[in-house]
Amino acid sequence: MIPSREIFWNVGSQQGAVYLVALMSVAIASIGLLQHIKGWRKGRKEKIFDQAGNRLKYFFRFLLSHERIRKDTYAGVMHLFIFWGFVVLFLGTLIIAFQEDLLLPFFGRKVLEGNFYLIYSLVLDLFGLLAIVGVGLALYRRYVLQPEKLDNKPSDLILLCLILFILVSGFCVEGFRLNVSNPQWALWEPVGWLFGTIFNVLGIATSTQRGLHKIIWWLHLIASMGLIAYFPFSNLFHVVSSSLNVFFRSLKPSGALVPIDIQEGEQFGVAHIQDFTWKDLLDLDACTRCGRCQENCPAAISGKPLNPKKVIQDLRTFLQPFSHNGVPLVSNIVSEAELWACTTCRACMEVCPVFVEHLNKIIEMRRHSVLTESKFPSEYKQVFKNLEIFGDTLGKGKLFREDWASNLTIDRVYQQNDTGLLFWVGCMSALYDERSKNTPIAAAKILEKAGLDFGILGEEELCCGDAARRMGNEYLFQHLAKKNIEVFRKYKIKKVVTHCPHCFNTFKNEYAQFGADIEVVHFMELIVTLLREGKLNVKSKIDDIFTYHDPCYLGRHNSIYMEPREILGLILNSDMKEMDSFRDKSFCCGAGGGNMWRAAVTGRRIEGLRVEEAVKTDASGIITSCPFCEIMFDSAVKQKGLEYSFRLMDIIELVNRVT
Amino acid sequence: MTNGQFKYLFSPFKIGNITVKNRIIQTAHKILPCREGVTGDQYIEYMRERAKGGVGAIVTEVMSVHPTSDNFPGVPGDVMAFDENVIPQFKKLAHAIHEYDAKIFGQLSHGGRQGNEEITGLPVWAPSAIPDPVIRQMPKEMEIEEINELIEGFAKAAKNVREGGLDGVELYASSAYLIGQFFSPDSNQRKDEFGGSLENRMKFCINVIDRIREVVGSDFVLGIKIGGDELVPGGLTLDDFKEIAKRLEATGKIDYITVTPLVSFVTFQMMGGLGMSAPLGAWVHQSAAMKEVLSHTPIVTNGRIKDPIQAEKILADGHADLIGMARALISDPEFANKAREGRSDDIRTCLSCNLGCFKRVFSSLPGTCIQNAAVGREKEIGIIEPAKTRKKVIVVGGGPGGMEAARVARLRGHRVTLYEKEKELGGQVNLAAKVPSRQEFGDVTRYLGQQVKKLGVEINLAVEVTPEMVKRENADVVIIATGSTPFLPPIPGADQDNVVNVRQVLKDEVKVGENVLLIDDDAHHKAINTAEYLANQGKKVEIVTRLLFVGMDIAASGLLYPIYQNLLSKGVKFTPHTMVIQISGNTVTGLNVYTYGQVNIEGVDTVILATNDLAEDLLYRSLKGQVKELYRVGDCVAPRKVMNAIHEGYNLGRLI
Amino acid sequence: MRLKPEGIWILEEHDDEGTKNITLELLSEGQKLARRLNEQLCVCLLGSQVGGCIPTLTQYGAEKIYLVEHELLSECSLDAYAFVLGELIKEYDPYILMMGATPSGSELAPRIAARFKLPCITEAKNITGQEENLQITKSAYNDQVYITIDPLARRPLIVTMPPGETDIIEPNKPREVEVIKKNVEIPADIMRTKRKRIIKGDPRTIRLEEADIIVSLGRGAGNESLPILQELADALGASIGGSRGAVDDGIIKFERQIGISGKTVTPRLLIACGISGAREFTAGMENSNLVAAVNIDQKARIFDYANLCIKGDLRMIIPQVIDKIQIAKQKREKGQVLGLDTKS
Amino acid sequence: MKIIVCAKRVGHAYHSSTVDLSTGHIDPGKMVFMLNPYDEIAVEEAIRIKEHISDCEIILITLGIFEAEETLRYAFAMGGRRINRMIRINYESFDPWETALALSNVIKKIGFDIILCGEKAIDDNCSQVGTFVAELLNIPQVSGIVKLDIVPQGKKTLVERYLGKGDREEMECCLPALFTVGKGLNDPRYPSLPNRILAEKMKIEEIDWIDLEFGSEEKALTKVTKFFSPKPKTRKMFTPDSSLSALERLNLMMSGSSSKKEGSTVLEGSANQLADHLVKFLVQNKFLSKEDK
């Protein structure tokens, strides 16, 4: 006997009903799908079909490897099980449909026969089991482990139960079928066989089993069709939306914000939901509420009102069919406290498995708030005015910009004829306090030791505009950027080196938006090159054990993780210690996005948490490579009374000391 | 921002043709012995440390312009600035200071009648044959040729200073030294063109200035340090010095004037005036008075200025243009940087105790600071390096020694726990600071207490430590700083009820009668300050000592002057040369140590012993061999002074 | 009619307690100026029933007093003052008219100047030169720059000087000086502004240097005493200050520190609680008018500086003081004469 | 209601090198320029008044060279469409009198109910122009106000200003009037971008100095002759007289010449007694009787 089975065994005569149910569910699903599309279409137009090949390639890699999802192992495995379980089961169902609706009626042939059928059965059974395990893991995680990042809605339970029911009922049907028809190849359907054996052990009569089979078969079918109908209305829709989001993910430099036209208009940034682009709205839909952003957000962790997941989910309510588009977002949907708590550290985006871009939404809303409404935390007014009047966030003025170099002989580029390299000092280093000047001094000495011809702009430096831009003041940013670019052009500057990650990111990723044509290197990249080329030599090594803090704008925004570790490896005698969160998971210092100038409103201080983490490593000090981080940590270290026992230094100072 | 708090103190200032980065000037002071007539390497390191600490300008120690000169009474060894051999070391010095963007001026002087033939081997030169009240050697009245020779000596020295790369010279013209001796009718009674009228008396000085300007040119800083008031009968007064300053300004060749309290070493009274019993900024009025009469010459004030806020106030009130400091910077070389960075609280404030600096230097010992062990040994022990391995350290005793050890150990990264059996930190320092005129001594506790707290030393107060407790803690290092207890001398009757010790009195533990007899075996502050404490309460006090005079050991610090003044005006009786041999009831019997004659002092209500102490080393002994590393510091080793405790604490902190 | 303007005039300012310090400062500065320029130092005394101020003014060097008393001058009304002062200027033609750069002086000076087209210089630091070449120095540009101004030809020159910049000279004995009493009829319709009331400043937040009464505490008071001392301060309308020790111990903030390294204060009353009186502290408060000290240590140095010395535990005493003050206040509210409970 | 706001472009010196020591001039390159912060408060107050009283016209006036237009536009951007006119008098003067003449001349022609200006300009620190204008227009004025309430009927205002020691004075003033505003009246807003764009497009009416109708006599009353770096003034401090003997001088110095109070005895007793003493002391010295209600 050729192994096979009759598809509508035991239900035969009601096939039509099956198709009717299927049709209904697909219709309902389509309505749901259309609503989603309608929701996305609320947004502005944006063309992102570039690099379709690359996008497709990455999309499949993403699906197959689950690389971003697997960053959280439990969730990754769980998702992998359910995903592949479903993929295979779905394919299996497709094969059946292919056979029953195409091959059999038109060609009178079957594919589910013989060995293929046996393997088909086995594979489907195993993957079905995998999916059950996955769903089990999901249920266990959601309702037993209950990690804080997950918020359980009824729909989550319904969905999981529905899936579980479909899977289990499928196996029940299989078990009944095997028991009643009792084929020789029952063991090729091991899970079904197991279910059948259990039914037999329970002593259910064969006739009863036949009856039950019919009932449960229908239940299984209705549940499955129900799932299809329910699909666009449930979290399961992420199968579509998240996939699309992965495909349409941003390929722009990760540190860059999108410029807006500030010459004309009455309205800037995002005031209402329709001011977002369709991709932004797809983002909202793609969010699976996995909570990883929340788990990694420094604001959320330190008890500030911001929770990136909540922001996305709150905005998502506008995608629903009868939502009122006219509601202003800021202060109605996203509170001002939430809006301004973001440090723009990009931790949320880095961990988001489906490439939701939280940051640009927050910035767009900030832009609206600042530019259109002129509403922002009161401390920022002084910062904006300082930038406008003095050209630096601190309100010190250009005449103080060369003070740090008073003991050094450094060329000013405006006095040079032949400009080589521009060393960009940045406001924080040049102006903040005496301590902050150590870094540029060390940097200049390193450049000198390496015999590089360089100059500084001195009084002609202006703030790069990073702070203004991240605080939503695009007007100020563009104003500053244009002035700086003008100066670059005036002195024909081609290459800029800076040690401030914020200046670095802005020059490298954002100035091109305004026509700057400069090569930008971070000081650490330069040091690594100099060390490799032997232009800089390590003369002695340092005994202390240090830990390294990855600044957000160097690490996550620009992927410079390797250089500092290479340098530290060369200049420290012992291995550096990593903190609990490092590299792409590095925990922000709390200064970014304008929070430098804001008194912490609620919750714990972010820099304090980071310093605690650093102290926990038992290292004797923390090394960073960002003046902002240094200032923040300095205050935290002092506040904790560790001023003398726990050292804080810029990596450049350390390098200067040993070369 | 810090600049806001110190608008003037940290604003740059133009002296002559150079700009100093702030208003803090380290005034000249002798601190380390000088060998072979050139600036010593150790001294350069000492100066480098101060420049690194952020001062605007530094004046070198006083340097000689002639072989007949000895500028420091009783302290051998001046830099012979007139000799070209000094130039290489000058260059080294200038380089060290310039590295930190500070300026350096060389101070030139001739000791005049304060010279010492025993040191120079040459006759003492002076304007007139009138001996100095302290040195008491009859000088030779200088002949015109000798005067001219000296002027050349100044010129040569100034030239060397310039060639050595320093930024300027400062003439030391306080009345203690030759130029000033010419000013004063008290020491200058010449009948020729260099004596008589003020114009004549200033002629020597003016000639020196003219000649130096000829040699160094007009673009080199030339400052002069003059007194403000000689404060001796018949001496120059503030009004006279105002006139002198005016005439100096009129030459147009002087770039700044420093007004110094140290006009004379008569009875060491001026050093007393710099001690902690003098009011803070007691001498500022002199520079303020000069500022009123001068039109443009910058004035440097100094003397009892030890706090940045105080300094800022002086500048803001227009009492001076620049602030001179010496002892404040000996105590904390980082003074300027700490103030500028808004860490004024972290400054180790000078106590004006004069014990590490004046007293030792005048006893021909290398100067130091009782609070700062690194003075003069900056290179060897000045840097506190983090420890290779972090240890668990227990310090028993929160006196100065214990706190310093805890501070340094913590700075090096150790985990430190400090135990103190009293309710507050400070140990015996708290007792010393109870006498009103010694209140500033409490700054030892203030600084160390605050630092250990800030650094995160775990502090346990009111805990009596037992050996079991220590063992239970299982620490890597145990430091015992349990101090001392008073020692009961074997005098018959010393166990009587009316015999008490100094500590009991200062703690107000005992009731002290009206007639008090203090037995001073200590010769330091113990007896005389207790006497002050009691005399202030109106008690009748007598001090007996077998030594030459009461408080003999602190004579060289100059502090005896104000204390004696206070004690004598309150009727305190001093009975030196007398050894107490018996106390019976209200009668104390003494023996003259020279004649062996017996003295009976009757009607004594309370006898107070200011004798030695006994090391409190019980805990140390019981822990010996029981813990991994065991050390002891301060009185618990052998009862001595605060300085020993702090220095030992420092050294130990660096060692473990 | 005289040939040229004569006399250095100072406009007196007073409050309920008599002549204000700013007037004494102006007199001190004016005396020097009058001597240098060989002019007479005159005071314009405007107000209602202000004759009592005359002795003080003569003590500080006034040589002539123009006295105008009028009901409408009882408060410093700009319109009334400007009118009366204008009448005086028209009649006597002074050389220099000095006022304090106080809220009222600062608006009166330019007002008069505009009325008679006179040169006016506000917030002057000093006046140099003479005759036609007077030069006035003032601070400008954020205190980074001083400027010298030539008041050109017209006289009187009107100058305001900021309070607190000049040291007050030692007073002489009161003398007999010429008092010119003027009767000026003030038309009622010129009064265009009217004072409604004075709203008192909050002693908790005003600057310590401005405080009238200060309750100061030291290390001896301890952290736990701050609430009761604050209560005492509130009852008296006083501000809280403290010694360096209290700041070190974190009991109060640095801006409330009195002493060499803190603020120099001169309140009418300073109550020192648990302060030993280190020089550091006393140097910052020794010019206080009255000092009351509470200390547990009989020999505390602060007692040398105090008018009232109380040996005892402030934790016991101060709550009772607060109670007694409250009782006294209630009594007064009931209209009773303020008496004292002397039974113990 | 017609509100006129006088706004000035000021140079702010933030560095000690602003004055060139050798020439005695200030270097504009070492300053930053901005709308005078006090005038900014005045602009803000005008806008706030208009937010409450709709029937209101705001006119900004400045006196200055062409660069002052930028400052004027900033002030305009604060209020946007709420501001009706901008006028620049093309002249620059260091003399407040000249400035006030020009301003009052123009203001008189426009007409007004309230004139608002800053209490002082942070550059010359003069605080005169406002008062001069008030006198020239013969209207009442209050300086340095920190609160402004307009009584709807009767053309009256209630204003408050600081008197020192934290005390404030409440005054009533009839309209039309001029107020100079002090720090603390309000917190000026930051211009929004649409308003900035609008400000760029707005026309500024320019009046030339020569077109003002002055009498021949009316010219500057003062002249700035020199700029220099500040030096603190020497304050008096106790100095022993040189005619005293050396010992007396020394003793005076060593006692710190402090005002030690002599003769007061240290009181002891029960807490209640001591409290009585203290209260008595307070009563005697009138610290309790002079409470204000």
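Order as written gives the chain letters A, B, C and D; numbering starts at 1 within each chain.
Convention: a residue touches a chain if its C-beta (ideal position, glycine included) is under 8 Å from a C-beta of that chain, and two chains touch if they have at least 3 such contacts.
The structure displayed is predicted, hence computed values, not measured ones.
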Longest centre-to-centre distance from subunit B, chain (CA-based): A
Distance between the centres, which are taken as Cα means, of subunit C and subunit B, whole angstrom: 42
Subunit B and subunit D: spacing of chain centres that average the CA atoms, whole Å: 50
Subunit A and subunit B, separation of their C-alpha mean positions in angstrom: 64
Residue numbers of subunit A (touch at least two other chains): none
Residues of subunit B whose C-beta touches two or more other chains: 279
Residue numbers of subunit C (touch at least two other chains): 279, 283
Interchain contacts (touch definition) - all pairs: A-B, A-D, B-C, B-D, C-D
List of subunit C residues in touch with subunit D within their complex: 78-79, 102-103, 106-107, 109-111, 113-115, 117-123, 125-126, 135, 138-152, 154, 163, 165, 167, 192-203, 205-207, 210-213, 236-237, 268-269, 271, 279, 282-283, 286-287, 290-292, 294, 298, 303-313, 316-318, 320-321, 323-325, 328-329, 332, 338, 340-342, 344
For the subunit C and subunit B complex, residues of the former touching the latter: 245, 248, 260-262, 264, 276, 278-280, 283, 299, 301
Sites on subunit D touched by subunit C in the complex: 11-16, 18-19, 26, 31, 96-97, 100, 122-128, 130-132, 134-136, 139-144, 158, 160-174, 177, 180, 217-218, 220-231, 233, 235-236, 256, 258-261, 264-283, 285, 287-289, 291-292
Residues of subunit D touching subunit A in the complex: 12, 14-15, 17, 30, 32-34, 187, 189-194, 196-197
Subunit B to subunit D touching residues, read off their complex: 8, 11-12, 229-233, 235, 237-240, 269, 273, 277-279, 282-286, 288-289, 291-292, 315-319, 562, 565
